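Take a look at this one; I'll ask things after.
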Amino acid sequence: MEPRQARIGRLALLLAMLDEGEEEAALGQLEALAWRYCQGRVGAMEPQKIVAAIETAAKRHGVVDGGLYREMHALYHAILEAVHGVTRGQVELGDLLRTAGLRFAVVRGMPYEQPNEGEWIAVALYGTIGAPVRGLEHEAAGLGINHI
Amino acid sequence: MEPRQARIGRLALLLAMLDEGEEEAALGQLEALAWRYCQGRVGAMEPQKIVAAIETAAKRHGVVDGGLYREMHALYHAILEAVHGVTRGQVELGDLLRTAGLRFAVVRGMPYEQPNEGEWIAVALYGTIGAPVRGLEHEAAGLGINHI
Amino acid sequence: MEPRQARIGRLALLLAMLDEGEEEAALGQLEALAWRYCQGRVGAMEPQKIVAAIETAAKRHGVVDGGLYREMHALYHAILEAVHGVTRGQVELGDLLRTAGLRFAVVRGMPYEQPNEGEWIAVALYGTIGAPVRGLEHEAAGLGINHI
Amino acid sequence: MEPRQARIGRLALLLAMLDEGEEEAALGQLEALAWRYCQGRVGAMEPQKIVAAIETAAKRHGVVDGGLYREMHALYHAILEAVHGVTRGQVELGDLLRTAGLRFAVVRGMPYEQPNEGEWIAVALYGTIGAPVRGLEHEAAGLGINHI
Amino acid sequence: MEPRQARIGRLALLLAMLDEGEEEAALGQLEALAWRYCQGRVGAMEPQKIVAAIETAAKRHGVVDGGLYREMHALYHAILEAVHGVTRGQVELGDLLRTAGLRFAVVRGMPYEQPNEGEWIAVALYGTIGAPVRGLEHEAAGLGINHI
Amino acid sequence: MEPRQARIGRLALLLAMLDEGEEEAALGQLEALAWRYCQGRVGAMEPQKIVAAIETAAKRHGVVDGGLYREMHALYHAILEAVHGVTRGQVELGDLLRTAGLRFAVVRGMPYEQPNEGEWIAVALYGTIGAPVRGLEHEAAGLGINHI
């Protein structure tokens, strides 16, 4: 396995950004690495809906164990860090009269060569942010990484 | 030109993230769109070095006109927004005993169908952030977009 | 035209701060410069109401073109920057049990001598912030400026 | 009175953290100093509820004069500073899908030897923060101090 | 005395913003109110230089008593709040490759009708912020108010 | 073991706050729990010195394994969160002309009843923050907790 294939954040970002038909290489890497992951979409004017959508997807697809606080804590902070990239300064959406339409990906794996570095989790967001008026929006992205 | 090809932030992120040999499609799109762009690398414990490196590259490659404040102002805020994604909370590096090694891309083009939406600029960052000790680091990314 | 007359931020702040009968000189300068502007008032416990009130006034008075994202994007960021001056740390009002009563002014013009610096927009806020109890409040002000 | 006994922030933190039966020494110091104080509990997903609960308790127990803006202003900023310690970055709870269960203490006294340093107020918070699911939470604390 | 004359923040902002020859009315009000104040200028890439310049001026002109922590604490927080308006998000200048050239005013007085609201202090900033290149800058302003 | 004894954050705060002779009960609990911990002091105008002092102490006393990024990452974020409580808004000291003199404690243990919640780390800070002039300072505290 080359180091290139173990870049967990890059894999998450590609999953969140690439269109259907383009993800094949990334998905192939994830299969080869036997890493757990999930993908989804969420549109929201409330940051908590983004958090909830990602947490629900990650639990449903077995990326994290929803009954283990340790795992939910790791995921939560990775999500918040990714949201920082999307909101760029104030972690607020509707309170600042803006909305976000995002694709997300969560990847869980062992990105470091040393085995006792253990598992890490990456949350990537990509989509649009803007006024609650169609078209008055531009792209946004974020990436959060944590040990799990 | 399909809308998909005009996603300026996605193009910038791909340029910052993809390895040599993988960028062909993205570079082909930029050629077809006749958009200006530049790429570079910067490693720094001071956020101002990241700002300076990107500004210098963007001026040198003619992506912005360094003598026009309007353009430098647009670029500056796009850079700061991208740095938010990398630093996730406090726009500080060495002051918090951490360092970043980043690849960056700046893309300038007309991403909207309506011609009078004019030009926009995207700044993407991708790399690692961590302690000033080799290996004690994880990936980070950021994207900033502004009208220019 | 002397440089003094082209200080767009100062003109906006004066419009937001001066009382009726005191604004004559500032309004005269705006007439002489043929710059677009608007004034208004907004009281709110939700930051988004401040954003919405200013956007609505600026569109209604033709200071910006509400159908052009480029202009709304420039205005939005100028508003947010002005709100930072009012909230001083966390862009929150009711969530922190405080309310604001503000006068605002938006000015659009060409403040730089070099003609290709083009148009800029200034948003100024002045009023009071405090507990949702009459009298338990002090003054606050903010200024945001952006290229448009 | 030794200087050690006049550490107003430490007294407030101990009142907020110690269990029944452990507070005796701290309460004894407060009696000896003849300082005003109050204690309470608040659980909330909205920061404004924390602010309101502490303000109400401090007024009811005569720690501050609710009709005097000067005193409410001092208390308000001390509360906000304490909340920063609990939220560690973004002063938000439910908006980030988290809730807090806190014990609080407010202490008002003269902690400096020089008499004309006058009165100061300390607000301490201690409890848990986490997901709105029982058990998915960890401890948090905060301390804010202001002249009054 | 009409309420209009007691707006301490507005007086500070006018002192910081008005040009020589325009300040007469504001200075007349301050004389009539017998309020203490000072004015000055500071150019800096380091926020601490702005803090130091204002503190030094306020002490030298007797607006505050430099030996009394209570007063320096009130002034310090008023300065920080004013700096928030200038920096609009991150209280950083040179670390983000920008510099500020500011005029400042500090006013100390009793702005409330009720006498036991006591003294308050206002710090106003007005000037330019931008790249460390002459001309690549726009206006900025800030206002901080505190009880003293 | 009662749940009360496993409050890792409270133990860390008590170690950082209590004076010599008062820590006996807390140290006894740590012994009974067989948890690793360390204590220390740091005075600094630069946040990175606080980070470095705590990291060095935690490595030297075997609370974390300095060669394992996973552990250093957990500790780093716990430190940053504790520093938020001390700085209350902007994670800056000398840049805002202030200095901090702090006692710190790091505790590592298993605070949850469910064994697979595994180990967590708590960083507590307590001391003074203020102007770089002796006496012009007040108390400050912070607590950060992370899974490790």
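The letters A, B, C, D, E and F name the chains in turn, as written, and every chain counts its residues from 1.
Simple rule for what comes next: a residue touches a chain if its C-beta (ideal position, glycine included) is under 8 Å from a C-beta of that chain, and two chains touch if they have at least 3 such contacts.
Protein names from UniProt, one per chain: A, B, C, D, E, F = Hut operon positive regulatory protein.
In this text the structure is predicted, and so the values were computed from the model without any measurement.
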Duplicate of the B-C contact set - from A-C, A-B or D-E, the pair where over half of the pairs recur: D-E
More contacts between chains, D-E or B-E: B-E
Chain centre separation in whole Å, for subunit F relative to subunit D (CA means): 20
Whole-Å gap separating subunit A and subunit F, where each centre is the average of the chain's CA atoms: 30
Geometric centre distance via CA averages, subunit F-subunit C, whole Å: 44
Between subunit A and subunit D, centroid-to-centroid distance (C-alpha), Å: 36
Per-residue overlap in subunit B, given as positions that touch at least 2 other chains: 69, 73, 80, 89-90, 92, 95, 112, 120, 135, 138
Residue ranges of subunit F in contact with subunit D within the complex: 4, 7-10, 13-14, 17, 19, 80-81, 84-86, 88-89, 111-112, 120, 122, 124, 126, 135, 138-145
Residue numbers on subunit C that touch subunit B, as the complex places them: 68-70, 73-74, 77, 112, 114, 116-118, 120, 146-147
Subunit C contact footprint on subunit A (complex, rising order): 90, 92, 94-98, 130-131, 135-138
In the complex with subunit A, residue positions of subunit C that touch it: 46-48, 51-52, 55, 69, 72-73, 76, 80, 90-92, 95
